[in-house]
Every structure is written in C-alpha cells, then in structure tokens.
C-alpha cells in the first residue's frame, strides 16, 4: 500500500504528484481508467495512477481493507454484498450502466432451443459467471414477476466456457458478458434471446468505484482530485467510444479486432442512487444479504453533513 | 564380465555329499548358481545326471547364502513353505502335514504363523532350510546354510542334514567356510583356490557313517584331515590378506 | 491395568490441539475484523451449513469425484507400472515422456481439460486422475524394479508359476513403494479436487469456499476450510489404516531388520 | 569396474528414451492430423512446439517464468528454514513428537489451495504466491525431517556414544547425516507441490506468472499458445526437479539410494 | 522389560583374554552393552577396574555385532577411523600414521578412500576392527567380530588379535559362536546357558602361548577342551531345538 504517507511526505516545492493505487477488473467497464492512464490525463492533473488487475471483487475489497489499494473498481453487486457484511467501504463513483441500447450482457441458448423469453427459463439450468451477481438478480426478478424466483438452477461457469456449455447441452441458457457475447453472436450454433437485465430497469448500474472510509477522510483532497479527473475520462468515453475501444486491448486479453466490435456499456460518472437502492432491496428479499444497507452506508458523501 | 570360475571341473555322483570350501570371493556361490541353472556358464556346461542345465530343473532346491533376503517377508513361515508346493497339486491336508513335518524337523514347529522377520537370524536360516526340505528335491544345493546359527543348533542341523541325506539318498552340494563342518559332513571336500579359481585339491573323507558330533570329531583321523585341509589353505595363499 | 497409561498417552497427544483451539476461541472472541471472525461465529456457520445440509449437496459430489479420480489413477498407475517395470526397454523408451508429464503442475492442465471435456464431473475426475497417477506410476515402476533379484532367483529355482510370481512376489514386494506413491497422490488429489472446484464448478467444497469468499460470507468460508481439514484428516486416517494393515509385514520387517550389507 | 560400466548403458538409455519420445509424439501428431483428436481444442505436438518456439523469443514469457520461479524458490526457502529446524526439534524429543502428532495430522492434509481464498484476502502479488508455496512445501519437509531424526540407526548412535564423540559431534556426524536423505526426499516432494500451488495461485488470483499466462491464453482462445505454455510449465517442473536432484546427488553421494543411479 | 541377564556374575582380570559362548538370544550382546556402559543393568552393576560404569569409559572400545550399521556410510574408511581419534588432540601426520597402520594390520591398506558400502561384508567387519584398534583401548569388547569372514582371513585376524593382546596387554572380552575359536583365543571360556541366563561353566584354557593355528589345534589338549565345551553345551539343553 502506498497510501500511507505518499502525499504528505513529498515536502519538496515542486508540484507534488499524488500516488493513487487502484485495482479493477480486466473488463470493458473500466476502460475510462486506462484511457486516462494512456493519454496522460491523470499525470496532467498531478496524479500518478497505478492500476492493477485483480482476480475478484472480494480480493480487491480485502486489499482495500488492508490498505494495499486506495480505490477499487468492482461491480455494484459485490459492493452491496461487502458493505452489508460489514466490510469498511463506500461507493465513491459510478462508471458504467447497462441500458437497452447498450446490451453488453445477453442470454444465449442453443439454436434448436425453443426458449425465447426469460419466463421460459423457470425450472431450467442457467449458467452465469459468478453467482449472486447482477445478471442472476435480473433473472430472478423476471421470474419472480410471473412465478417463483427460486425456480431455476443457476450454476457458475467461467465466461469463456459458457457458449460451449450451451452447445453441449450442459445448460439450457447462459448469461454471457462481453466480449464473449460478440463471439456468441457470430456462432451459428447458438442464438441470442431476451436479456435478464431490463427487468431491473432501463439504467442498471454495473461498474462502480469504491474506497475505504479512513482513506477518504485522511486523503479527501487527493480522492476528490482523482475522482474529478476520472469522471472526466468517464464522460469522454461515453462521448467518444473509439477511445475506449483503443484502450481495452492494452489492459485486457481482448484482441483489437474484437474490441472494435464488442458492445460497450454506457459510461456515466453520476451515481444513480435509485438503482443502487433497488438492487440492495432485491438482494435482501432474495436472502442474499441479511440486512439492507441504507444509501448513506453505501454511497460516500450521501450522508447529510 | 569377469571370469568367476576357471578350470573348475568335477563330478558329483548321485547320492553323494560333496562339500566345497575356498576363500571368500573365489566363486563358490557362482558355482552353485551355475549348477542350479540360474546362471549359464560362459564356457563349459553344468550337467545334472547327464542332461545339460539351462533352466532350473524340477528336482533341485537351493538354500541361498543370503537367507534373510530369500525369504519373503510378506508371507508367514507357513506361507513361505506353501509357495514352493503350489505346483504339486496336493490336497490342503497333505500340504499342511508336509509343512508341519519340515518345520518340526528344524525345530520351528511353533513358529508357523510368525513372519520371517519375527525370528532371529539363525531361525530364519532354518526356515530357508525347511523350505528346501519340504520341496523334496533329489539334489540339494546349500550355500553356507549354517553361518548364523549358534554352535549347538548348528550341530543339530548338521545331524538333521546327515539323516535326510541317508534316508532319502539326496545328492547334496554344501558350501561352507568351516573346515570342521566340511570334513564332518562330506564324502569328499573340494578345496577351491584363490582366483584365478581352480580346484586345489579333492580330499576324500573316509570317516565311518553314521557320524557323531563328539565321537567322530575326537577321532585322530578327523583331526588329521582337518589339519591337512587347513594347512593346505594356508599355504595356498601367497598374499595372506589380499582376499577379494 | 493399562487404562491409566492409555489415558495418559491420549492426553499427551491431545493437549496441544485443545490448547490451540481454546486460544483461538479466546483470542478471536471479540474480533472486529471482518476477515477473522470469532471462532464462535465460524462454528455456528459450520453447524448451519454442514450439519448436515451441505453434506449431500457439496461434500458427496466432491468426495465422489475424488474417489473416482483416485481409483482411475490407482488402476492405471499400478497396471502400467507393473508392465513398464518388468519390461526395461519399454520403460526406457517411455520414461522421458512420463517424467515430463509428471512435471507438469496439474492445475496448469485445467484450462486444456476444460476446453476438451467442459466443466462437468468428467473433467474434474480426469484432472484428479491426472494429478494422482504420476507418483503412483513412478513408484510402482521403482518398486517393481527394486524387487530383490535374489527373490526372483528363488522364484526360478523353485519354479513358481507366472501368476504366483506376480501375485505372491512382485506386487507384494513393490507394495511399500506403491503405498508411498499413493500417499503423495492423496495430497495432490485433494489439491486438484479443490482447484478444479474453485475454477469452474457449481458444487463441491472448493466451490463453497470460493463462493463464500466472493459473497463476503467469511465465517462460512472459514467453516468450509474447517470441513476440508476434517475431510483431509479422515482421508489420511483411512489411508493410514489401510496402509498399516496391508503393510504390517513391511513395518515389522523394517523394524526388525539387522541391516544386511547395503546396496 | 562400476564406473567403466555405467557410461555405455547411460548413452544407450538416452538413445532409447529419445526414440521412444519421438514415437509417442509422432503418434500424437498422427492422431491430431487424422482428426481423432479434435483440432480446434487441442494443439498437435508440432503446433505446440511452434508456439513454444514463439514464446521463447518473447520477453514476457521469460519474465512470467522468472516470476513463477521466484515465488517457488522463495516459498521453498521459507518452508525449508521453518520446517527443517522444527522437524529436527520435534523429532528429537519423544514428548514433542507425541504432542504435535494429532495437530500435524489434522493440518497437513488441508490442501493449501483451499486457503487461497483466505490468502487472497491477506496478501497480494509475489508475496501471496510465495506464502502459498511455503505453506504447501512446509508439510512434506516437516514430516520428512521428523522421521529422518527419529530413524537414526540406534547402532550408529551407540557407536558414537561408545567412542565418546560428545553431544555436538554426535549431532554433526551422526544425526544430521542420517536425516539428510529424508530431508532431500522431502525437498523433492515439496518442490513439486509448491510449483503446483504457485501455478494454481497465479491462475486463480491473476498475479503475473506462467499460470496467469495459461489462463490468458485460454481466455483469448489461443489454443496453440496455451499448449505451448503448458509444455513450458512441464519443462520448468523438470528443470526445477533436476536442480533439486542435482543438489541431492552432491550432498548424498554416500547414500545407498544414489548408488544405483545410472542403471 | 524382559530380564535379558540374570545371575550372570564374573570378573575379568586386567590383561585377560576372556571368551564368551552361549546360545543365540541368551544375552551376550546385552552383556557387552552393560560392560560398555551403553545400557545400565536393572540390577547389579558392571565394574571396570574398580569403578562403576554408567557412561562409556574412555579406555574402552567396542566392535559391534551389526558392523554394517555401526560404520557411518557418509564417511570413507579413513573418515570412520579418524572420527574416533578426534578427541585425542593428535597432529595430522600422527593420525594418518595410526590409521594407515591399523588398516594395514587388517589387510585393508589400499581401501582407505573407499566408502564402507563399497566393500564386501567381511571387509567391512575388518574396518570395524581397525577402528577399535586405532582407538588404542585398554579394554576391547568384541561381539562376534569374525562371523562374516572366510576361514583363512579369520585365522589371520585371530592371530592379529592375539598379537595385539600380547604386545599391549589389552584386556579382551570376545563373544563368539565358534567354540574352536573361543578355545584357541581365550585364557578362559565362559559358557552361558539358555534363558534364564546364568554362567554355566567357566573353562580355564591352559594352552601355551604364543598359539599357532595348526600346531595348537592339533594338540590333544585342544581337542579335549573343545570336545568338553561342546559336550557341555549339548547336555545343557534339555529341549534340543528350542533355541530362543
């Protein structure tokens, strides 16, 4: 962790650069971060941003707690889980949203399957990357509207294997994220059907940035500075998607050709607290979390001063 | 390959008790291996009752010098004996009777259910001997079979062997380092030389049979024979301590 | 007469685990850390998840795959090992390839296995078998090779049948080595079982642990680790019992051995 | 006599081994070419070799390998420093041995990768991998060190006493040399397990190294490269084992197990 | 604990050559272990020249029955000998000279650089003897030291031992299964009984010294002594084959 005395120790007169350690997923959601690093925008703002890819949201949450990271880019569902279980963290920014015009997650079934809409998945086996995450939540919400949200077997299958699992008949459907969704679109053996996401709304928060409270109170200035600079990149990515597509291959295993083709999420730095509350509510209804954290607990700065 | 045996040539007659003595490393074990068909001599041949030996023949048993290693530790004493009787097509009772007899004759009647490693060295050696006896061979090859046995057991076993030899007319080739033993047991004693190995002398033993541990060994004939062999061995070696 | 002595022996073996357990309980009692919850919470989670709700849904699938993989490894390893051990040219020809395959860390093969066999049970069983087979195979070869030549001579002189020679001599003689290989295989097998469940599974112990970790159910994660400890201990104890019975002769023999000339 | 004899058979064995390996590879190649093994998911031997050759010319491959080796060596070193003295201490006191037996038997079979979720929460990067490797390597080393000390031949010990060697010399000249072969075996087992665990950790956690490279190749659907990397992992395993065996040969030239060596 | 020795009581005089014979498992090795201080007797005590033995005393060397195991395989033959000289504070040259002499006297002058496991069993046994000699003890305990040595080497070593005994006045306690050997070497022969072990008889040997392998053994006195001991051992055992 570099957070300790990184900013205060630089007592030299020259414009001190602040060191920021941030961990993220290697997915398209955090492309704006890499844009900022690549273009030098963070440096111009006097920030030295060090981004590392991490295996899971849980690992990042732990590294955050241990002071090895200052910020972490994780999924909203992970953040809600962690905060509700008492992990000391708060959401400080939103990055990406799933919308009907940005379907970066889709449901894939076998070509020969007669399943067309989500409600038909009742009693079936469905693959998703990690259990109890946003797609899982959307699926259950949709099923709950017409019947029993528990009446489905959701199993965890790594994204690269999901389409193969559908083709082999080991699952009835798979909720496939990008970039594998783009590959699935080109696969003649499978077919896309209704996505589970819209059941959660038209503007579903996905990627968020979190930090730990003691860092935020000790380093409020740097945090604000970083979030401002990052916010500009997020807005820029939404305006100019080509920039995001260019940054992706450098930080992930996605090939440039695929990066040019894949569906990107909507990038927006403005936290939509309504979708956070709704997801938290739903998760607690499903029993995934034992208590619903309030917005004040979840989002930094939302508590009245 | 080194030539372990060279110019060793002798005949064993049916029913004879032949003892072989000679310095360590001169090839006594190798000789028995050729006789038993475990090893083919590079030149020359081993004949058993007129037929050439290339595979171990049916009617031959061998008591190995390294008796601890030749007993199978995962089998009991009974199991070790039973194993060599498997091909005989005998009934269970018959097998049990044979084994009990053989064990009793080496004084191990009570140890059938023990594993070899539960016995002292001398007892293991006796199990190996019992295994050879139960096999009921026509030819019995023994490689220093009494080396680890205490004096008293040793003389008992020597007498047992003489009895078996007398009763069943088994041909015995018996390797030993103990010249007293060779003279006491044998019809003839073959003395092998240092390497290059050759037959140094063949000493006929004309002591009367049946022999007796005390009376035979007190006979002046016996004393002279053993002194003769001993003197022979001592003179043979020009370099007294170069053994191997 | 011996009751007191036995009690003392038992106390001797059990006092340290008890002290450590108590220390854990006391030291963690008012832990505020999310990641190191009080032992009491862990035990509660253990009771809720594993007595006996999770046994059928998680433990049984894990152990079934483990046993199946191990069984395949034993059958393949021993039979191939006996064949190669008694055919020197074949052994020399295949040895480099076997050594190479053995050297591949089993987790590294996982992606390839997933690509070919998917993420189902067959993949995990094959992977466990792959992880376990090498120590068994190599030790069997070694065991067969190191059968005392004198004993083979014995078999020839006393004209044992081929069957007797294999079943009463070669395999028993190799069995201590085979069990030594099995012991290493068990440890590797458990590792492979867990890793295959962490990366791509929908049930099993490894899955439960990683899932608990990902949903911040930390007491449940600790409970899962505890279960693995119990499973490992049980598997190991079962192995020791079987080994002790099968190799009773060997331990006695070794213990009694007044060394012959070595080598 | 023995020295003269070993040279030729060694060369002959190497030739047979090379020939056998080529035959196996040719068969695999044939199976791939004829489509018996599906081409799209499995790389043929030639494709694997080509991918391996490509990798060798890339700096990132070498830095990945170096990171894996670093974690492995660090872990093994830490484990050795902790386990060998601990094993010697436990082994030389009957009381310590009995007191720790149950504890060791319980902790040892817990597959280290099961603690990966916990370790992820505590450490990151090289330290995470090295600590995982250290934990995995700790147990075999500890066990072997304990048994090494306990197995010192009582006759050798009595010899030291009868000739009045004194305590220190007894340990230096008799106890430690007797226990060394056991420690060496432990080191070899530990080396294998530690490598498997480092690779597994890299795969799950995504810290740079061969394991991560394999997962990356899998995610990028670069089958040839994935197989090339798996082969590289195997070669690395061979190399590291050879390293340990080399050290063992040097230190244990006097030990019976080293004498049959060449054959 | 079993009582391995019971009612065994005898004195060894300074400079005496005492031989011990007795059936396998009767406690000969245990006796030597008590004498050497490696084991404390449960009752009774072992006295060396008046002082009680609880630790191995400085002036005593022991040749173990399990010679292969008492040699350290990680040291060369020279290293094995050097190890016991460590505490003497001798110069390098002096040490080398002593070792060379000791090895030459057992006929292993050329094998100093070999490891014990590169030698045959008999040679290893001689290394163990050389190690005891180089130690220059005042009291020398030997447990079946010539068991694996061939007849000729054995007689050479017997004579070497007699020479060392005569020249340096070393007290020797010598365990053997070979009654000839016991009579040939000893001033007295102690015959131990079956268990419960007790001293069965003490046979004084009044053969003249220096002794000679051929001449001494041809003396009728010798023949009678050995027959006497042998007869004694045979009569002692009521159950002839029950050895242990």
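Per-chain residue numbering starts at 1, and chain names A, B, C, D and E are given in the order in which the chains are listed.
FYI, a contact is a pair of C-beta atoms (placed from the backbone, for glycine too) under 8 Å apart; a residue touches a chain by one contact, two chains touch by 3 or more.
This one's a predicted model, so the numbers in the text were calculated from it and none came from an experiment.
In terms of the stated touch criterion, the partners common to subunit B and subunit D are C, E, listed by label. With steps allowed only between chains in touch, the distance from subunit A over to subunit E comes to 2.
The count of contacting C-beta pairs peaks for the chain pair C-D.
With centres set at the average Cα position, the gap from subunit B to subunit C is 48 Å. Look at where the CA atoms of subunit A average out and do the same for subunit B: the two points lie 86 Å apart. With each centre defined as the average position of its C-alpha atoms, the distance from subunit A to subunit C rounds to 40 Å.
Annotation for subunit E: residues 66, 69, 73, 117, 120 touch two or more other chains. Those residues of subunit C in touch with two or more other chains are numbered 35, 114-115, 199, 213, 258-260, 262-263. Shared contact sites, meaning residues of subunit D that touch two or more other chains, fall at 117, 120-122, 153, 204, 218, 256, 259. Interface residues of subunit D, counted against subunit E in their complex, comprise 153, 155-156, 158-159, 161-166, 169, 173-174, 177, 254-256, 259. On subunit E, the positions that touch subunit D within their shared complex are 33, 36, 38, 56, 58, 60-62, 64, 66, 69-70, 72-75, 83-84, 86-87, 115, 117, 131, 135. Subunit A makes touch with subunit D in their complex at residues 26, 53-56, 58-59, 62-63, 66, 68, 160, 253-255.
On the subunit D side of its complex with subunit C, the touching residues are 13, 16-21, 23-24, 38, 41-42, 95, 98-103, 105-118, 120-122, 136, 139-140, 153, 189, 192-193, 195-200, 203-204, 210-211, 214-215, 217-218, 223, 226-227, 229-231, 233-238, 241, 256, 259-260.
Here subunit D touches subunit A in the complex through residues 117, 120-122, 124, 204-206, 216, 218-221, going by the rule given at the top.
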